[in-house]
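Two complexes come next, and they have one chain in common, subunit A, joined by subunit B in the first and subunit C in the second.
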Partner chain A sequence: MDYLIFSLSLMFVYIGLAQLLHIQFGMAGIPNFGVVGFWGIGLYGTGVLYVNYGVPLLPAIVVASVLSMVIGYIMALLVLQRSGQAILAATLALAAVIATLVVSEKELTGGVQGLGTIKFPFDGVDSRNLIFMLFILAVVLALIWLSSRLRDSRMGRQLVAIRDNEELAASLGKDTAATKRLVFAITCGFMGVLGGMSAPLHQFLVPYQLAPSLTFAVWIALVLGGKGHNLGAMIGVFVTFGLFDILIETYAPVPAEQAILLPNFKLFCYGVLLVMIIMFRPKGILGEDKPRVADAAAGKG
Partner chain B sequence: MLLIDAIFIGLLEASPLILAAMGFTLIFYLNGFMNIAYAESITFGAYFAVLFNVVLGLHFYMAIIPSMLLSGAFSVAVYLAIFRPALNRGVGPTEMIILSVGVSFMLRYGVILVVGPENLFLNEPSITYLRFLGMGATNLQLVALALVLLAAGVLYWMIYNTGLGEQMRGLANNRELAMASGINPHRTSVAIWFIAGCAGGLSGVFTGVFAQVTPYMGWNVILITMLVTIVAGVGSVRGAVIAAIAAGILTAFITLVTKPLYAEVILLTAFIGVLTFRGARTA
Partner chain C sequence: MKLEAHNLTKAYHMHEVVNIEKVTFGAGGLEGLIGPNGAGKSTLMGLLTRRIAPTSGTIKLDVGSGEKTLNPLKSHEVARIGLIKTNQRIQGFDSLSIRDSLRLAATPPQDEGLMSLFSRKRDSNEIEEKVARLVEAFPFADRNGYAMSGGEKKLLDILRCLIKEPKLFLMDEPTAGLPEDITRLVMDMVREKVQAGRMRVVVVEHDLPLIWEYCDFVHFLSEGSILFEGKPEEVKANRVVAEKYMGV
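Showing the complex of A and B:
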């Protein structure tokens, strides 16, 4: 039961990350390949504050997320007006820098030996992990709701305009660079929130958790589900993480010798799925959804 | 003295990187997307070398050429099976990168499923330590450096001085005009993917012999290759060579004066800085 709660909590974190990536890439067209970096700032920021300085969990998450947002903003200032491929490489590099710093700054992070233990909040209550899971779920649902509000808002339409043709949007008098920076920084901050909330899930932090595979898992889920659809992130995570990590790894009767190869088989399948989806259904399983307000306005006009 | 050491060590360490960066740049230049699955050209080169060198018992130097050619052929196969259909369908540059991530996963974990996740070792030729103007290197390192420089030179010559290179540059700059001038885009692309695959494979063979052959070895160098390529400017093979050498020397220098881990941090941060001030602005 505890393991199922852990897996589900982790799945909600993935859904949240993919949802934020939907805003960054699906709406604003920013290819952020440093998801694990911003998540990791939240994770290790929370861990360091909690373990080394005795800050309670929730304030620690807030501080770490603000840090993640600030770094997101700096990154946005540096590279956001560059080509997509440059943004992609730069964010990937940022994630590598953070992972390396976590290893090298042993005094703070425990280096490769790890950092722990981070306990669930709500001391003395029964099944704290279950309550914490519901807490994560609430945050993720709020994110999905917020991003649907964003999609229907003036700013959401501005983002789509920037994504499709930035020069045109700028010529209509929109400060496209500032809008992109703001959205990028806020979504990176939320990635930090999800990272901070992952800290008590993992309890013990090791640098291995900052490997780029998290970034790719989130990307694969989003592209699979539909990067332009508000529920695409959720569907994508169900198909990847839900199907493989929860259903197959927990319930499929796999003999012990093959069980070691199972994670590799999973990643192999992710690759095949990703190739198939881009070749045959590039908009993802759900396709793209249109903002409601725009439709209503078109109907009236 | 420190500087000379750094240049020497940097050149030795950067030699596989130079090849990888050149091959990566070729594909980037011709097709306009960063092919992350290029990492697997590097990995497969090393695995092919294991096949010839360890399984079939060939001498290491004899195994280099067939591994390189197989890696090239493999690269062409991947291009024909996946990337060419995708390009024909009009998949955009960012989606092409995501597609290449998918291909990369498929190949990397496919290798693990077939060969197994264990690290493998190549049978090195006998190693002697040579001293040269006060600096030391093994004969293997020097052979690698010489071969890599030779290959890089041939590649460079091919791009800037032969018909194939001219066709490639024509296609990359103006596809319609090139095709109207009678350049067959299909043949040129196959040739370029073959050459790029060979360069990656050779780079993998040397990376593998200096350390070990793992399914992740290509992945470990692809980030730095990507950054070198972007900093060099879209599709400038000349720039890629210079940037790769600079990256190698810089890494060696920083490693000599501080901790190796900081070398990586400083190098990556420097790359982000360079991107900020002179990043490729093309989409």
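Showing the complex of A and C:
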């Protein structure tokens, strides 16, 4: 049971990250390949504050998230007006820098020996992990709701315009650079929130958790589900992480000698699925969705 | 609103495309800018709206309340002052319908912040009315859909600028890609606004009959410099213009 709760909590974190990437990449067209970096700032920031300085969990998450947001803003200032490839390389590099810093700054992070233990909040309450899972779920649902509001709002429309043709949007008086910076910083901040909430899930933090595989898992999920659809992130995580990591790895009756092959089989399936989606449904399983706005004019011819 | 450029130059790899001692736009109602291919017309337009950075020279904007130097401004800041330019080549937002595109253009920047996530209605009635008026005035194939043909995209580009109610409106080859009847609809609407004193216009065009018909004042640009300026009749009668451009 505890393992299922852990897996589901982790899945909600993945959905949240993919949802934020949907805003960054699907709406605003910013290819952030440093998801694990911003998540990692939240994760290790929370861990360091909690373990080394005795800060309670929730304030620690808030501080770490603000740090993640600030670093997101600085990144935005530096690279967001460059080309897509430059943003991709820079964010990927940032994630690598964060991972390296975690290994090298042993006094703070424990280095490769790890950092722990980070306990669930609500001391003394039964099934704290379940309550914490519901807490994560609430945050992720709020993110999905917020991003649907963004899709239907004037700001979302401006983001889509920037993604389609930034120069044209600027010529119509839109401060495209500032809007992108704002959106990027806030979404990076939320990635930090999800990282902070992952700290008690893992309880013990090791640098291995900051490997780029998390970034790729989130990207694959988003592309599969539909980067331009508000629920694409959720569906994408269901068919990747939910299907393979939870259902098959945990519950499928696979003989022990074959079970060792499962992780490789999973990667194989991800690859095939991804190629098929890109070939036959390039916009993802759900495709794209349009703003749901009461359109007074649409009825008339 | 008047726009004044002094000693404005733009060079690419030592090759000077524009070299203008002094030119003033926005003094004469509806103005035309003509000149042979490669004269630097589009470059000049780009310089004036800050899409292209000048090699040297200053651009000053007289906004009634005082002068403003355009040089340090960014593209969106120029647009916010009221200096807006249409595009020569077709530009558009593929994901936005005709109406959404116009709504986007009509929405002032301060209404597009984070707080707009929590407003119940996306666009005010005022904006919806403005959009409806423009969309209904032109024969789009699908008024509630997307701009399909090149002509519709070009028209939408011009309407997107018009709905922002620019003070000085630069039109870069409005006839290129537009059917003649639509061009006339657009130009009539523009002339009406100019005569009502709501904006000043500069039209860059190769279609000389259109220039002679609509413009009150014409600038002739050749090899990067203004060679002649005057009323349409004077320009028509000028020998330099005739030799350099009309091939007489």
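Just so we're on the same page, the second predicted complex is superposed on the first by the 293 of 301 C-alpha atoms of A that agree within 3 Å, B and C clash if a C-alpha of one lies under 4 Å from a C-alpha of the other, contacts with A are read in each partner's own complex, and residues count from 1 in each chain.
Methods note: a contact is a pair of C-beta atoms (placed from the backbone, for glycine too) under 8 Å apart; a residue touches a chain by one contact, two chains touch by 3 or more.
All figures in this text were calculated on a predicted structure; none of them were measured in a lab.
Engineer: One more residue to check, A:L261. First (subunit B), second (subunit C), both or neither?
Structural biologist: The first partner, subunit B, only.
Engineer: With both complexes overlaid on chain A, does A:G236 touch subunit B (first), subunit C (second), both or neither?
Structural biologist: neither
Engineer: Please work out whether A:G47 is in contact with subunit B alone, subunit C alone, both, or neither, and reply first, second, both or neither.
Structural biologist: Neither partner.
Engineer: Tell me the contact category for A:G192 with respect to subunit B and subunit C: first, second, both or neither.
Structural biologist: neither
Engineer: Between subunit B (first) and subunit C (second), which does A:R157 come into contact with in this model arrangement: first, second, both, or neither?
Structural biologist: Only subunit C; A:R157 stays clear of subunit B.
Engineer: Which holds for A:L92: it touches subunit B only (first), subunit C only (second), both, or neither?
Structural biologist: The first partner, subunit B, only.
Engineer: Quick check: in the complex, which residue numbers of subunit B touch subunit A?
Structural biologist: 33-34, 82, 85-86, 89, 91, 93-95, 97-99, 101-110, 112-113, 117, 223, 226-227, 230, 259, 261-262, 264-265, 268-269, 271-273, 275-276, 279-283
Engineer: Quick one: which bits of subunit A touch subunit B in the complex? Just the residue numbers, please.
Structural biologist: My answer: residues 31, 75, 78-79, 82-86, 88-90, 92-94, 96-97, 100-101, 103-104, 216, 219-220, 223, 260-261, 264-265, 267-268, 270-275, 278-279, 282.
Engineer: Note which residues of subunit C are touching subunit A in the complex, please.
Structural biologist: 49, 51, 74-76, 79-80, 84-85, 87, 91-96, 99-100, 103-105, 107, 109, 111-114, 116-119, 121-123, 128, 131-132, 135, 143-144, 160-161, 164
Engineer: Could you please specify the touching residues of subunit A with respect to subunit C in the complex?
Structural biologist: Checking each residue of subunit A against subunit C gives 146, 149-150, 152-158, 160-161, 163-165, 167-176, 179, 182, 186, 291, 293-298, 301.
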